[in-house]
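Below is one structure. I have some questions about it.
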């Protein structure tokens, strides 16, 4: 059991507000990822939950009890550090058993628990090695093992995969998700990498400049971003943004002027409240690369600047007539080449519209 | 003009053969990427071309002239270092002009060339700053600018993007490709990241343990990998490998036994030479995640272990009946969830078959 | 909480130690401004009317200016000599390390482990035979050799902090070793070189053992000024304190001006 | 090519400097095995029949063993004292740095910039008033204070190399500051502590100025053994050389056994 509640939690370092009044509830057994650009306060928030930083304002409740003043080791949470933070002079087994030994647990019991954790993580052949003799992935596993041994009710991960290479990162993130399924405990995971957030989280918390931009499942954030920040942060390549002006708003669609003499008709959901989009309003149309396709005849056009062949798909970066770059995702057999003049069409019923303040007005989703 | 020819080039450090007799020709204006796991010799090879390492054996020809003993600055090549290697005590302008100044070029000419390079790279507002006041991406640009100013006939890049974050990396690799188009010079680029290799290269050289595994265009490597190493290295998530035995080989297809009592019929190209695949041979069937799909009735089956929702697509990691992990790429609307029992089918006409030594026997490609 | 308590204790220990180390200096300065009678009063007087008579007496006795001049010349010249020798040596050891570089560094540093008193005899004999006894030259040479290992080690550390990539980039840019030393190493390691030089100046200024043993009236430094100080008659603690203050003052002032830069060089490293 | 030539020159400079620094020691050892006549022969004799008579004479004159015993006790005790004080101080400065930590470090290091001769007077008076003149206790205290800044600085450097994450992980594991010091800092910084202690022992052993000025027959160390050496009559260079060799030998042997470990600690850092 570990249900965490943050009520108006804030952190100030020397007059700098690193975290601004965060309200968040993390349910028991949830896998929550804090994601955001560097300096957004995600690590500070995690460290406050861990107890490694004092909470400047607000309250933290763990399983209903206020934990602001509870020392880190009494919170029932284990942390896995970005640098792994293994004790370099101890063997893997001693690293994993250190907390129990310090707590006075009998030696036989420590050994048994270490062995059990090592079995889960396939570390058994490495128990007698020193950290420096291990590869990055193995160290990562030992760090997780050290957390498991304490049998915590929650795990805190601080960018644990950022020191691994791309292939290993893919593998480890699958292992972590499986570990979450097996252990059935709460996990909070901090990363700056939106792909990790998307692939691992039950729920993602997007942070920016110390406050929460949006909380939701990966697909909610991808398909219904609350604002331009989330829309631009989640997804790679980035969503295309077209700053435009609503010229006319009808019942089923609106006319958007992307640039002078370049208008576009865009569907409007029937449920939209009448005042949400007024003619003349400045808006931003957001279309992901897969919401666009190369067609013989489309409302947008430009010259292909760069083509990236990824095998399974092709990305075309197109310089539009007005100078903006448009990214289009095409399939792996698309014959597009750099220098081609192309025309771009919109997949119907996809895309988002944002108001002048960056807030989402509506999202179109496939039926 | 910079056409490079490597003839049986090798490098030995204290009895360790880092590069083993590499034969390679790089054409003028080509963008060639050296890719491979760490320790494969790719950086050593680049440094030998640059002249920063002596060539132990073999010959390097630049534009037809043997260059083994030519000092680095006389080879007409410029290098961009992984660490950027900017001179920390000089302004951006002085960093970029240093080589020319040292070569005795008149001050006015240096300034003009620096200004021209700064314009290309949008560095003009930063010319008076020191490196430490720049962001990672800006430093990267200055390092490239320093190379451009020398007007080299070839650029050497040593993992230049590895210190940047994911979003910036995507942006910079597009800029580099555009730069290559604009400058029309030879570029050699070293990376361990296969995505960078796939997206940027005209031709990719895959290195492993000091020798070349395969040379080809990105799509050649993706669709026709020469061996298991290349097949496994290129593409993310990894290609699925099914170790199997050819039970029967017919005219249009072969029967492969994946595990006892589990056979699969697989098409064989008509052009295959009769002896290439003999009944009873140990082979490995390679199927990329997109060569498979979830179906109501397919030859493979298993239980879904982990599902990753990436927004534009969904990756399902499935534990097959025989315990192997199978990765399947599905579209973004796929309703698959962890724990589901699923059946997997093969897209017809896709996949590769490798012999017992790991060499490719044939590849199936879409018509 | 617990963590903070533990380090509070540590901090107190550190400040106490610093104070204990500083206390004698304080006492000396106070004593210098007392009369001889006040200086030996028990219990020690903390409140008194400061007088300058002791300084006058100390300055009257012997050629303070002459000793001070020797101190300045010897410390500056020996430092210049040490840095000039150490720069190329450290460059070679840092950027083209051979198999024996580590040995060489160990050997140089291990000469610091010899008690100076142990080599007094041969050094004395060498200078006697070369007619260099009681000359500034002898002290310059000795001080330079004494400080050389430290200067080499410091420059080596600073050079090692300079990424090799930067020198390789210069190499690609067509800049040879001379150009690298002048345009890159010298400016990049400048804070380090300054730190090392400041330290060498201070160590050389404070060097008392060799000054006392190798010089007499002619080439003596301020260290010998105090050592040779003798009162003609009666009480002399206040006068001796005044003489000590006079000897220490220049380097104390110099040191307090230079210490931030020096310590920054020592603790932070060259190019960060 | 050019690069290599430049560093070859540097390497030669380094070796020459090392040899020049080493030369007096060589000469001293050679002289100790000569007769007095051979010792003053001009030109110096390089080939001769070594004799041990000078050693016999040096040992006969004064209580070598007694001085050696004092040296051992003083250097070990002063080092232990310095490390005991420096450990918590360095811990506090490295892991809970306050705004004044940098100042404190600067202050401690700047006490090293004082010429010892400048504070001789107050120190002498303090020990005279506390009846500690010519006791080992006084030398232990003085040597500990002299070495304290260096030991604090070295420990501080080693502690700073220990990633904070490791201590935070221990904190999460329920290990308090005491446990962190004992189970983590002590073993992790052990090479550093050993280096610092070895250096302190050597510096303390070689310390001559305070030994000579604060002790007489009772608490004198080997440094004073040579300084007080006087020949009853006639020639004494060979005998003085022999006495010097006897004073230097123990620390030379100790130093050469310890130097690799020490220099490794000095140059490589703690946890790499």
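The chains carry the letters A, B, C and D, assigned in the order they are written, with residues numbered from 1 in each.
The definition used in the following text is that a residue touches a chain if its C-beta (ideal position, glycine included) is under 8 Å from a C-beta of that chain, and two chains touch if they have at least 3 such contacts.
Nothing here was measured: the structure is a model prediction, and the numbers come from that model.
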item	value
Pair of chains whose C-beta contact count is the highest in the structure	C-D
Chain A and chain D, separation of their C-alpha mean positions in angstrom	56
Distance between the centres, which are taken as Cα means, of chain B and chain A, whole angstrom	26
Interface hub residues of chain B, defined as touching at least two other chains	none
Numbers and ranges of chain C residues touching at least 2 other chains	171
Touch-based graph of the chains, sorted into line, ring, star, complete or other	ring
Touching pairs - complete list by chain label	A-B, A-D, B-C, C-D
Touch list for chain B against partner chain C, complex	50-52, 72-74, 77-79, 81-83, 85-89, 98-99, 102-103, 146, 150
Residues of chain D defined as touching chain C within the complex	2-11, 13-15, 17-18, 20-22, 24-25, 27-28, 31, 42, 85-86, 88-93, 95-96, 98, 102, 104-111, 113-123, 125-126, 129, 145, 148-149, 152-153, 157, 171, 176-178, 181, 202, 205-206, 208-209, 222-223, 226-227, 237, 240-241, 244-245, 247-248, 251-252, 255-256, 259-260, 263, 266-267
Parts of chain D lying in touch with chain A, wherever the complex brings them together	163, 165-166, 168-175, 179, 183-184, 187-188, 271
Chain B-touching residues of chain A, taken from the complex the two chains share	38, 165-167, 170, 173-174, 177-178, 181, 192-195, 198-200, 218-219, 222-223, 234-238, 288-290, 305-306, 308-312, 315, 317, 329, 332-333, 338, 366
